[in-house]
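Chain nomenclature is as follows: A, B, C and D, assigned in order of appearance, with residue numbering initiated at 1 for each chain independently.
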Amino acid sequence: MGMIGGGRGAFIGAVHRMAAGIDGQIDLVAGALHVNPEIALLSGQDLFLKPERNYRTYQELFEKESQLPEDERIDFVSIVTPNHVHYDPARLALENGFHVVCEKPMTYSLEEALALEKLVNETGLVFALTHTYTGYPMIKQAREMIQSGVFGKIRKVVVEYPQGWLSTFLESTGQEQATWRTDPKRSGKAGSVGDIGTHAENLAETITGLKIVELCADVSTFVEGRLLDDDANVLIRFDNGAKGVLHVSQISAGEENPVNIRVYGEKGGIQWHQHDPNTMYVKWLDKPMEVYRTGTGYMGAMAQAHTRTPSGHPEGYLEAFGNIYRNFAKVVQARIDGKEPEPEFLDFPTVHYGVRGMQFIDAVIESGEKNAQWIKL
Amino acid sequence: MGMIGGGRGAFIGAVHRMAAGIDGQIDLVAGALHVNPEIALLSGQDLFLKPERNYRTYQELFEKESQLPEDERIDFVSIVTPNHVHYDPARLALENGFHVVCEKPMTYSLEEALALEKLVNETGLVFALTHTYTGYPMIKQAREMIQSGVFGKIRKVVVEYPQGWLSTFLESTGQEQATWRTDPKRSGKAGSVGDIGTHAENLAETITGLKIVELCADVSTFVEGRLLDDDANVLIRFDNGAKGVLHVSQISAGEENPVNIRVYGEKGGIQWHQHDPNTMYVKWLDKPMEVYRTGTGYMGAMAQAHTRTPSGHPEGYLEAFGNIYRNFAKVVQARIDGKEPEPEFLDFPTVHYGVRGMQFIDAVIESGEKNAQWIKL
Amino acid sequence: MGMIGGGRGAFIGAVHRMAAGIDGQIDLVAGALHVNPEIALLSGQDLFLKPERNYRTYQELFEKESQLPEDERIDFVSIVTPNHVHYDPARLALENGFHVVCEKPMTYSLEEALALEKLVNETGLVFALTHTYTGYPMIKQAREMIQSGVFGKIRKVVVEYPQGWLSTFLESTGQEQATWRTDPKRSGKAGSVGDIGTHAENLAETITGLKIVELCADVSTFVEGRLLDDDANVLIRFDNGAKGVLHVSQISAGEENPVNIRVYGEKGGIQWHQHDPNTMYVKWLDKPMEVYRTGTGYMGAMAQAHTRTPSGHPEGYLEAFGNIYRNFAKVVQARIDGKEPEPEFLDFPTVHYGVRGMQFIDAVIESGEKNAQWIKL
Amino acid sequence: MGMIGGGRGAFIGAVHRMAAGIDGQIDLVAGALHVNPEIALLSGQDLFLKPERNYRTYQELFEKESQLPEDERIDFVSIVTPNHVHYDPARLALENGFHVVCEKPMTYSLEEALALEKLVNETGLVFALTHTYTGYPMIKQAREMIQSGVFGKIRKVVVEYPQGWLSTFLESTGQEQATWRTDPKRSGKAGSVGDIGTHAENLAETITGLKIVELCADVSTFVEGRLLDDDANVLIRFDNGAKGVLHVSQISAGEENPVNIRVYGEKGGIQWHQHDPNTMYVKWLDKPMEVYRTGTGYMGAMAQAHTRTPSGHPEGYLEAFGNIYRNFAKVVQARIDGKEPEPEFLDFPTVHYGVRGMQFIDAVIESGEKNAQWIKL
């Protein structure tokens, strides 16, 4: 694979590399690892890229890799840059015949997202969006159980993603992660709503199979001087009549990353918490709550197909991330081999989820700007 | 004490009696325990009331008790009837010189609440509203820490009260608790919002010392045939600029009663969960989360004054309830003795909280009826 | 009831009074509340005892109460003194026809315990030993499930009772609870083993229905200057071939009182933890762990009969304690009324459990003295 | 690297490969993956080994790899076979100049362990034993805090490793993991004691820095027909006077793998639980318990050096395992480069821990055979 972004000073690039490496079947062989060409080259040296495939810019990467023989060139690129540099490299990749793994939110704007979706549809290339949380085996179990109807019609969803790391004016210190994420020129129109709100939205829609059709969002910027939102409380309504609450925050001081989702149907429901991702609480109207655990024999087929260790050997974030890469790579490999991929490998977030996320951002921000009026998606 | 309501078929009456009895200084000596005079008498016999003080109606109770010598008559009544029978007995009690303990929500309507507040002010009698959760020692600790400013300015509050017991059309089976709580003639204009929403509102305002000034509520009735709301998701804004989410539900299948509140300030915050009421999580921006436990030496004075057992000996709901009774009784006793009560005993919800709760109900229901528009409190 | 001990400076006396009071059917009317007659009288005044029934000594109490008319005298005494003053007042009570509630460990020595058992058998009076933990509804549920055979033959038991409050030489400061508990003249031959080890032993035998037949104990005194043990690790073997571990400690710094028991059978097992006494984890070989909760409809009859509040309203230590008092009082009342008590009320620890506890203490201490050799019970 | 064992039907081999791959700097290039040469070859094909380095036997592997030029041959082998095939390939590796990663318990017998230790000492080659749990960052934090003396002198250690997967006579079904682990010819003299007891022992000694000097073990085989122990309860004494309990089980029905350790000193202590490996509870005598979390700024240097993701992104078993591989590989690399390794990389279990584990097994089994007498280590 090739990587765009993810060099010195980055956070998520290393995560992608570890996630891609965990199954031992993906090698990083090319990169344009930083917007600054000098740092890009140094970053490539850090990672032992061969000099001839350690590129100064992503444009150069696509140009040169396209000219390599088919069995030598990269099969796909991972785009792990800030949001404003997602669309263009993705476009170039697709136009040059490379499959794409892309960080979320998918693009800088909804317009870009729609253009990208069109391009993916036209080229027929494989595109994966790294909504990591959907890579957890337990999320697949939740989805299977909910969509099987075992809980009856879904009535209520509560999804939350509180963080505390932007409780202070961290971007004023030059901290790189804070700086671009709070910069409208790089992050887009949303701060917390784009960075983590889309995860919450994606998680809710993915596991319930429902669509948010309307929302009402109280969007705030608590830290003085900050240019984008750092907190949002959102009422949501789903296409089947279910109601819900989605709240995200970067100013919930003391919180790390405890993504949490609760779904309630007529007969029971589930709770999953990223803090302990191998556990899911399954609640019932009239009998004891059950505690589902990954790696056990009673887990469904999809969860089992995405678990690497036996029960009691905790898997984490990198393994969930790795599941997206593993599936994506298997589908790419099947494509290369001219075969149909195994159905289980088709399970990763696609470009359509990316469009959905950008629509969500637009709706939340519009609602916030209108003092929390209801907006249809 | 005397009791109005709480006879056969009731739930909360027995809780009041146990809470009142736990400190061994309050005796039930009179009652009009049921709206049906025959059942009232039978209920009184169950509880070994003397026949001459086992009344058929609350009107009779006040008439007869008023005629007893001062040192023989009851000092106060506990009103544990459905909401529509709160105001009139409370009024009669106050007019006849009796102090009052009253269930929440305080009245059937805001008008009644305001009238009652006026009467309490005029008579100067002691009035306690049984918002049980504020009786927990850990809630007093939370209030003390938050209001001391140790967390800086409060920015966000998330308070939730999910239940699942009305997931089915239980009132159609004749189950008594369900029947009156879902009946607009007895419960008032709100179902879940009145029964448990007021608890959530009271908890949030009590521990933060802030006031909700505006809210936007998505109020639902999920169970077909039900006459009142059984779920509400509410965006809230506080007078200091803090934002929050309050959600309550009676259709969250599988949930018991896990009242949960999280408060975040600039430097940290707290989380308290009624499931484990003797524990509070204290979160900080830059250091490990602390786990506060009741009965320990580091707890504040108010929490210690409301704890009966050493650390590690869990206290529960009845002890929290008992704290309201204990404090109320101590203030009544001080009044009888012509003394000033110890300040710690003044800590129980008053008639003003009751008015506040009724305002909250009105605002939520109005917002819900207007398809979740913002309503000022 | 009358009370012996439990006056000023005491801890457990107040617990007994609250536990006895919670159901509103037991009144404290007499007492000899302290070994020092002056303090005894002051303590009785604190509790509003009538002067004529506020006794200076327990001898006086029994003498005077015996002379009262049958329907005026106390029905029973609660003995809440240090261990060396259990036997004699219990003996006097029984000889004078009073039923007895007694703190654990039951006596100062096994000899006293056997004598007391004989006396209870001869007089036929009702005797309850306050092994509080067995009063929890969830313990009754555990016992019912285990003894029903649903888990198959029991193979392993792990029971632990760690505390940290004696991590320092607290008795040197004059702290009353520490002082008598570490004094061989008042506590007996055991410190932690008697005070909390007997609780662990009682819990294990009560819920499994098995008997410990052999044990090997490593008994330690970690705090310099202390006269009795403050830690013990014990290997145990049961009469059905099950094995186990029992460990107790008063020097596990930072621990409050987290009594914890795990029982494993061939097909599954249970875990119960006093920190969250309303919850029990039920584990199975091949299906998800279940989380049992008190107050729910799926709980067994005995657990339900010992629960006061609906599910989700946590009960605690005082309610468990109150269950022992409630049952004891119901049996005493049945005796007075010449009736058979309801079977559910017969469920409280008897004098035989007290003898068993003293045998356990003797065996553990003997094993410890012999450098942890195996001792048969 | 090369791998010995870990082919078709194996469990831990894949874990080693993922752990080695996670940091993208170790490639599997040679193997003798099964005791059956045919299956060995098929297993190598599964993993895309080049045919010329896909060996039929480990003897062949060492013979052929030794003949390759130095910069083409493997640097080290991973030995992931059953216990009886640890010593001989390790010996051959060392004699041929290859560094070694070896599964635990280190050998089939103590004699082999001592011989291996001698050989490692003589050759000066790098040897790592995969006691995975010590790879967790939080274990490094525990070790740092305990050994810094912040808790005072250590008094008590409770370490447990309960599993339930051998509750039935699983080996009779041909299940491969069960079969060799319960076979004295392959596993050695111990079953549960060797497989997981050594983990518990290693964990206790590693984080406390203390040595077990004496133990008393009640060793059991509960499942009829089983040839080795499946449960052991052990009293332990440390060289500083601390006491403890170590218990392991394969018949604790319903348990997965919840390794748990508690260490208590004079002023406080820690608890760590593998179920939630990124969390450690730090308990104090006189202040609230603290909850340490990996990835946070307050963690010590060694913990930080072994953490890959920011706080709130859970790491698991594979990452802990990967830490052993990463460190081992860095030390090997330094050796190749003729440099001193960074001190942090020297942190992995060595051959000496392997000898220690075999001594522990011998002592526990001897104690068990003598009906739980005390045995000195």
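Quick note on the criterion: a contact is a pair of C-beta atoms (placed from the backbone, for glycine too) under 8 Å apart; a residue touches a chain by one contact, two chains touch by 3 or more.
Small disclaimer: the values here were computed from a predicted structure and weren't measured.
**Student:** Quick one: point me to the chain whose Cα centre is farthest from that of subunit C.
**Tutor:** Centroid comparison gives A as the farthest chain from subunit C.
**Student:** Distance between subunit A and subunit D based on Cα centroids, please, to the nearest Å.
**Tutor:** Each chain's C-alpha centroid was found; their separation is 34 Å.
**Student:** What whole-number Å value describes the gap between the mean CA coordinates of subunit A and subunit B?
**Tutor:** Distance between chain centres: 43 Å.
**Student:** At least two other chains touched by the same residue of subunit B: list those residues.
**Tutor:** Within subunit B, residues 255, 289, 293, 296 contact more than one other chain.
**Student:** Between the chains shown, work out who touches whom and classify the graph as line, ring, star, complete or other.
**Tutor:** complete
**Student:** Mind listing the subunit A positions that touch subunit B in their complex?
**Tutor:** Per the touch definition, subunit A meets subunit B at residues 151, 155-156, 158, 160, 162, 164, 167-168, 216, 218, 220, 222, 231, 233, 235, 237, 243-245, 247, 249, 251-255, 262, 264-269, 283-285, 289, 371-372, 374.
**Student:** Touching subunit A in the complex: which residues of subunit D?
**Tutor:** 11, 14-15, 17-18, 21-24, 28, 163, 255-258, 274-278, 293, 295-296, 308-319
**Student:** Which residues of subunit B touch subunit D in the complex?
**Tutor:** 281-282, 286-293, 296-298
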